[in-house]
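You will see chain A twice below: alongside chain B first, and alongside chain C after that.
Let's turn to the complex of A and B:
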């Protein structure tokens, strides 16, 4: 177990270096455009001013030189300053709680609706419930967020103001319920179908037949034996989902005015503020890697036959 | 399941009643004003909150609450004194600014001539890389503070053109006569800063405290409450010792929005009082949503199509004229912009003194038959293209313009996107084939000169297409040296008439502020710099 952890952590360093290098290269290759002009909008920038800003942000240094500066700062835990002079670590720390809360609600929605419906549908295959949830989830998965999010906002935030139309910063849990549901609904369909298939398969497994023939009550057969064995693919899915939700949901966050990671990234990509984009992505890579590691470790908890060497 | 359904049915009538009561309250602009009311105004996250750096509308809205300018603009868009007692000159070159007595900063410090001189020196000092640095380029000594090579440090850190006479008076010497200098002083860049803003107010060069902009101390009608909460809000409250005209509200809450759709949704949900720019997609329903709480006023923005002078296809003025006549400006303004922009038939904006309608004459009037025959007679190119930057909302109208050219001139026309504005400029600078390209302009100070100078003068800062006409240049110069505003305007108008003959660009549209407000405020007006006028707005009930 310990050796496995060390090996995984070492791998993570490599993955981290690789991904940040790619992001850095992409921003450098054109993603940042002309940050000085972007900062000035469409107003003209004088030559003297341009020279000063270029000097200040090392904009004319070579690629490897700038990458080296970045790595050196990163090792000391310093993410640097944005082009407007704000501390990037503070910006990320300010934005993170909103995204984390939103992701939590979304995941809860996915689990409560997706997994529950999946289990029921798996047990009662071919029933009305099975077919109707299938159609319903397909419809929802067919609607893109760009439609679902503003529609939800219009219906439940403006026309029938059950929930706040937009969130403040920092957002309260209540303000995030509506966006959380919208976001969670998108993965409900996948979670439900995964659960359904997995439950249906395990219901036919030998150990279930044995348990049934032993005279074990049906509730216990499904609750303990079937469900636990069906959870592995679902946990994988939810773990990956949680990782990507932490990366911020750009559309949902923009529609509901949530000052989270998604908005932070979107705004600074538009501004060509490379230091902020690269800093944020670096943190996201780490979050994603950790989420994946936790998922892998959970396998052993769910299925004792899995051993880590 | 039963319980949930019951709850849903119970929630529905409740929601309906809430909606009804909200309707009941909206009696328009009636009701008594509440002197202590706080109004909420939607803004975007400011880039900076310091006079030297703030140029976008979000930041300047906040600064307009915290600071009072030397001059503001009246109904006729002419400057009048606010923090200044008087601003005088005899030769348009040396200007004497006398400040009003009794003005203080929010920390109690008196506003003196030094407050202005220090703030301006800081912004003009090249190594500070201030965004509003170029506003000071007309003051004597600017060049010495801004060496073209960033590696050389300027030898001095103060503008030689700024001289203190006494505590309340200072003189500004310009490097050349400039009749519009008083109007220029209305901009954000010319606000004063207190001693408390500097690390040390005797140091040279001056160093601005790093966290000053988190809670700026100004001389304006409102002082900041707490600090700037990034991506969230900035709150300001009435400054009781303010010596100028007092506003009618107790404070303002600037709520920061990530996008204008969310902002508009909050206005509809009655969580926000003022939206300065209603998103174009919502304009078709805005009348029903807001009724007479939806308003429009002209803004300084100006959209036009430029012809690069290096492209031989557009050398013939008749070709340019034919293209211009083939564009139906009204149709695009009404159909695509839902009236949020107005068709333009002049080269300067209607919000500046001296503007005349239709200076472009017949060349800008939609006349497809005339256009086609003129285009064929002058052997215009068979293929046209219009470049635009895809990071702005331009795709739709550029394509519509292209379609009009296709139909009316019988040519091929392609709308070519460039990822960002900077990419478009780079291509133009390298003289690559961009065809015609879109440009926009919003003034820095309300004067005809601020359109004629940067856009059409030889070497003008935004004259990317390279138009140059010595006669035009000398008329603009004569205007900037004219002894009175009226004489200056006369020269500018003569210069504008030359543009109508030369057609270096095609005027397309003038911008409009399309704004809306809640039932909790009245007298909402947007000023020339796209800011809600905090001196006029009132809180109801």
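Let's turn to the complex of A and C:
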């Protein structure tokens, strides 16, 4: 286990270096115009100021040196300032609660609806419930967030105004329910299918037959033996799903006007504020990597059969 | 798809007793003149043939392909002939879904948006598939340090969420100027370049399974080179699961184009695509007065993505013996 942990951490560092390098290279390669002049706006920049700023932002250094500075800042949590002079860490922290709430609702929706429906469908394979949820989930998987979000807003925010169509800043939990459901729906479908497949598979396993034949009540067989084994792939899935959740969150936040990280990223991309974009994307990528690491470790805890050398 | 066509042909001679395309009559004994067992693909095809959902998906996909090739078959209008005097006009004989805020014909625009959306999806899938086969085949076949390096590259690319990285990358292309041609090329490079990893893993694992088979050892003993073994003996084994993943990816890429265009980094007028139309029609103020311009391209997009995902899903089910 310990060796596995070390190896996994080393792998994660490698992936971290790779992804941040790509993000950095992209922003670096597409450098538009003179960054110092951009910072100064219309005002002329004196030679002394230029020299001082060049020194401050390491503009004369080579590509790899600048990557090194970027990495160092990232690790120490210093994301720098936006072009408008705001502290980027503060901007991200300000936007974080809204996105975290949104993601919480989405994941809750996934677990409550997806896993429950999956377990029922897995136990009653071939039933009407099973077949209809299978078709329904396929339809949900097929409809992209970019369609689902405006459609949900139109249906439940405008035509039947059960939920508010847009959110205030900061958003309340109630305002986030509809966007959270929209965001979670995609994962609900996949989670349901995964649970169904793995429940169905585990129901045929030898240990279930043994448990049944020694007279264990069906509720306990399913609740303890089947469910625990079936949840392992779901945990992995939810961790990996965090990536598409972030992509979906950008669209959902945009449609419902939620001032979260997705909206922050979107606004600053359009404003051309490269430092904020690099900072936000880097933070999101790190969150994604850490989530994947936690999932991998949970995997080993949940399934004692898995022994990593 | 030629794979499936050959399967039908052989099957008609060996297995199916009735005329082509008709299901076996119930109660009629099933005779097999040839003792050769059916291949996995033939089995899958028999399963697939009886699924209405699969045929519905195929029909939609074909229809969309025809629209892509000849949009003028479906509408006589001009997607760019917009007149503010038609603003938000109700559906009529001239425009079956009415006009949008800018006075453009909603239906005609959605029809003409098909080509760009499909082209981006198709070429991205082609590019992703090429990368996936290249990476999956080499890493699975050679193993060792080559495998280790390629697997780490896969890890790194997987660490970049598609929409997030696509947003940043497309923004660079946007800022660099260039027309919609450059943007379409950018989409293909970005979506393909980010979306090949799952397929590569699938190919790699099938290659690893196949390369330890006896027939591969036999081919090697007969003096076949690595290239020949890879292409003639191992790759065909990886093809079925690969096609499934790529079909689903094609749907995902079309959706990703729409998402990115929606976020404002995609195609721009006068170029048409579903994502760009959804984006133009989705502000809440516009939706309140006239939701049709939002609903029409959304339906086109959702149906197309659905069709490709259902096709992939049903083929996967047909190939998976556990689900039979």
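FYI, the second predicted complex is superposed on the first by the 241 of 309 C-alpha atoms of A that agree within 3 Å, B and C clash if a C-alpha of one lies under 4 Å from a C-alpha of the other, contacts with A are read in each partner's own complex, and residues count from 1 in each chain.
By definition in this document, a contact is a pair of C-beta atoms (placed from the backbone, for glycine too) under 8 Å apart; a residue touches a chain by one contact, two chains touch by 3 or more.
Note that the coordinates shown come from a computational prediction; the quantities given were computed from them, not determined experimentally.
When the shared chain is aligned, no partner comes close enough to touch A:237: not chain B, not chain C.
When the two structures are aligned on the shared chain, A:139 is found in touch with chain C, with no touch to chain B.
Looking at the shared chain after the overlay, A:161 reaches chain B, while chain C stays out of its contact range. When both complexes are overlaid on chain A, the residue A:24 reaches neither chain B nor chain C. In the superposition on chain A, no contact is made by A:113 with either chain B or chain C. Shared-chain residue A:48: touches chain B; no touch with chain C. Once chain A of one complex is fitted onto chain A of the other, the partner contacts of A:86 are limited to chain B, with no touch recorded for chain C. When the shared chain is aligned, no partner comes close enough to touch A:96: not chain B, not chain C.
Judged by the touch definition given at the top, the superposed model places A:267 against chain B, while chain C stays out of reach.
30, 150, 153-154, 157-158, 165-166, 254-255, 266, 270, 272 are the residues of chain A that lie in the contact sets of both chain B and chain C, per the superposition on chain A. Remark: chain B residues 11-12, 15-16, 18-19, 45, 47-48, 55-56, 126-129, 131, 133-134, 137, 146-151, 210, 229-233, 255-259, 261-263, 265-266, 268-269, 271, 391, 419-423, 425-426, 439-441, 454, 461-462 touch chain A in the complex. Of all residues in chain A, those touching chain C in their complex are 11, 14-16, 18-19, 22-23, 26-27, 29-30, 32, 135, 138-139, 141-147, 150-151, 153-154, 157-158, 165-166, 201, 243-244, 246-248, 250-251, 254-255, 265-266, 269-270, 272, 277, 281, 284-285, 288-289, 292.
Interface residues of chain C, counted against chain A in their complex, comprise 53, 152-153, 155-156, 159-165, 167-169, 171-172, 175-176, 251, 255, 258-259, 262-265, 275, 278, 282, 284, 287-288, 291, 294-295, 298, 301-302, 305-307, 309-310, 313, 322.
Against chain B, the residues of chain A that register as touching in their complex are 30, 33-34, 37-44, 46-49, 51-56, 84-86, 91, 94-95, 150, 153-154, 157-162, 164-166, 168-170, 253-259, 263-264, 266-267, 270, 272.
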